[in-house]
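Labels for the chains are A, B, C and D, by order of writing; each one numbers its residues from 1.
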Amino acid sequence: MSSLERDTVEMRIPCEPRFLSVVRLAVSGAAARAGLGISEVDDLKVATSEACTNVIEHAYPEGSAACGPIGIRMVVREGELRVEVEDQGVGFDPKRLPKVEPEERVMEEGGLGIYLMHNLMDEVKIESAPGSGTKVVLVKRAAR
Amino acid sequence: MSSLERDTVEMRIPCEPRFLSVVRLAVSGAAARAGLGISEVDDLKVATSEACTNVIEHAYPEGSAACGPIGIRMVVREGELRVEVEDQGVGFDPKRLPKVEPEERVMEEGGLGIYLMHNLMDEVKIESAPGSGTKVVLVKRAAR
Amino acid sequence: MKTKKTPLGSEGALFALYGELDAFTGPPLREELGEAVEQGARFLVLDMSQVEYMDSVGLGIIVGAVKRTREQQGNLAVVGPQANVLRVFEVSGTKDLLNVVRTLEEAKGRLKGLQIDDVEGQ
Amino acid sequence: MKTKKTPLGSEGALFALYGELDAFTGPPLREELGEAVEQGARFLVLDMSQVEYMDSVGLGIIVGAVKRTREQQGNLAVVGPQANVLRVFEVSGTKDLLNVVRTLEEAKGRLKGLQIDDVEGQ
């Protein structure tokens, strides 16, 4: 681990929903160390869970037996937490997400995960392409 | 990640005390998933922290700049959590720990970490040798 | 996720939910709410005051339940979510759709058709 | 770790501790207790009722402080730790050595030489 990484906590969980709560607890702890407040920590818990849930639900359409691990990196800076969620699954084209209003999505009982990330985080970056896995980057900063 | 590892959460933190609380939170979450009760979870938090603190304090005597990452693995079974804490530091001979009574150790203001692990866990295994790093294995089971 | 179910009049049910509502704990709740509607509870009230966490999986389950109640000319209301859970309803724009309110009294007011008389004692 | 210091008579100090006591938060506390003794507080009471976590690092710091007070013919007591923190005192066999008690009254009883009169109002 180079000195550049003295601010980074890494985690790897199996592709199973029962470990989501473990990730949320780790993210809470890292966010507290970054100096974020309670409601900012809450937002990070939701956004990180959404990203991990998407890996479980979408990244390995062949089924859960094929589902690889989920990698989570937390970069702790003063006043900022950056969370990266990564999988080696099928990937997708983030530009081709259906453009529907949240009210419509809601009645479809889905499609709100990425919408929530954008509305809860200061920055969201999705690096993904069909066939080459997905990396979701979430950034939350402390309010001044 | 093979199917054997569907029960394992891995973590890597920099060798710095500010990340101890993040590890404790993750361990709490994993222990809850293993079905352990509150006081068992508390015991695991202490024992895991002791093992990680030892890496920070003893594994890299050249100083903290040289200190490599700490690896933490949590194996979640029904009614049992197994935590492994690993470093690539100087190692030591666990058989040559001074045999003093806890009361004496206490007045030396130290030397209680491994003693506490043994008294809080159901199993403790220390694999270490001078020059080849250290792995501490902690096992806690749910009371019946 | 632990739940506690109490009848609410003859055609309703109050579910008190406890703990975290995510992709792990959600599926059994979806089952339970679905069964309640099938068995005639077309008015559902979810007491979420003891829910510590919810994300879009939970939202999806509650939306699914509201749809099922409305198919039976019923409805659903959500009572007393904590700040973090309320925020998810708000940010997703589902607070009105799902009748998210603060008290059981308000919830009853939202559920037109629920036989209030039977419920007064609760 | 947040701390709040209140005088306890002319030669004592009450420290209320808040949060977690580990290798991260411990070092500043060690400093603070050391300074207090240097400045004449040879009787120390630590109110640990708001401490959520402690391990051997915390124990070591408290043992260090008790030694320093005794060098000045003083002493130290610990008041009201929660179950998980109490367990660490018990398992390490330091509960008596460190005068771990439940109330401030009991703590005063353990600190022979502390001028109780000055303290009555606390």
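The rule is short, and it goes like this: a residue touches a chain if its C-beta (ideal position, glycine included) is under 8 Å from a C-beta of that chain, and two chains touch if they have at least 3 such contacts.
Quantities reported herein were computed from a predicted structural model and do not represent experimental measurements.
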Joint neighbours of chain D and chain A, given as chain labels: B
Length of the line joining the C-alpha centres of chain B and chain C, rounded to whole Å: 43
Cα-centroid distance, chain C relative to chain D, in whole angstrom: 49
Averaged-CA centre spacing for the pair chain D and chain B, given as whole angstrom: 27
Contacts with 2+ other chains: residues of chain D: none
Chain A: positions in contact with at least two other chains: 18, 21, 24
All touching chain pairs, where touch follows the definition stated at the start: A-B, A-C, B-D
Residues of chain A defined as touching chain C within the complex: 17-18, 20-21, 24, 39, 42-43, 45-46, 49-50, 53, 56-57, 102-103, 106-107, 109-110, 112-113, 115-116, 119-120
Complex interface listing, chain B residues touching chain A: 1, 3, 5-14, 16, 18-19, 21-22, 24-26, 28-30, 32-33, 65, 68-69, 74
Complex contact set, residues of chain C against chain A: 20, 22-24, 53, 55-57, 59-61, 63-64, 67, 83-84, 87-88, 91-94, 97
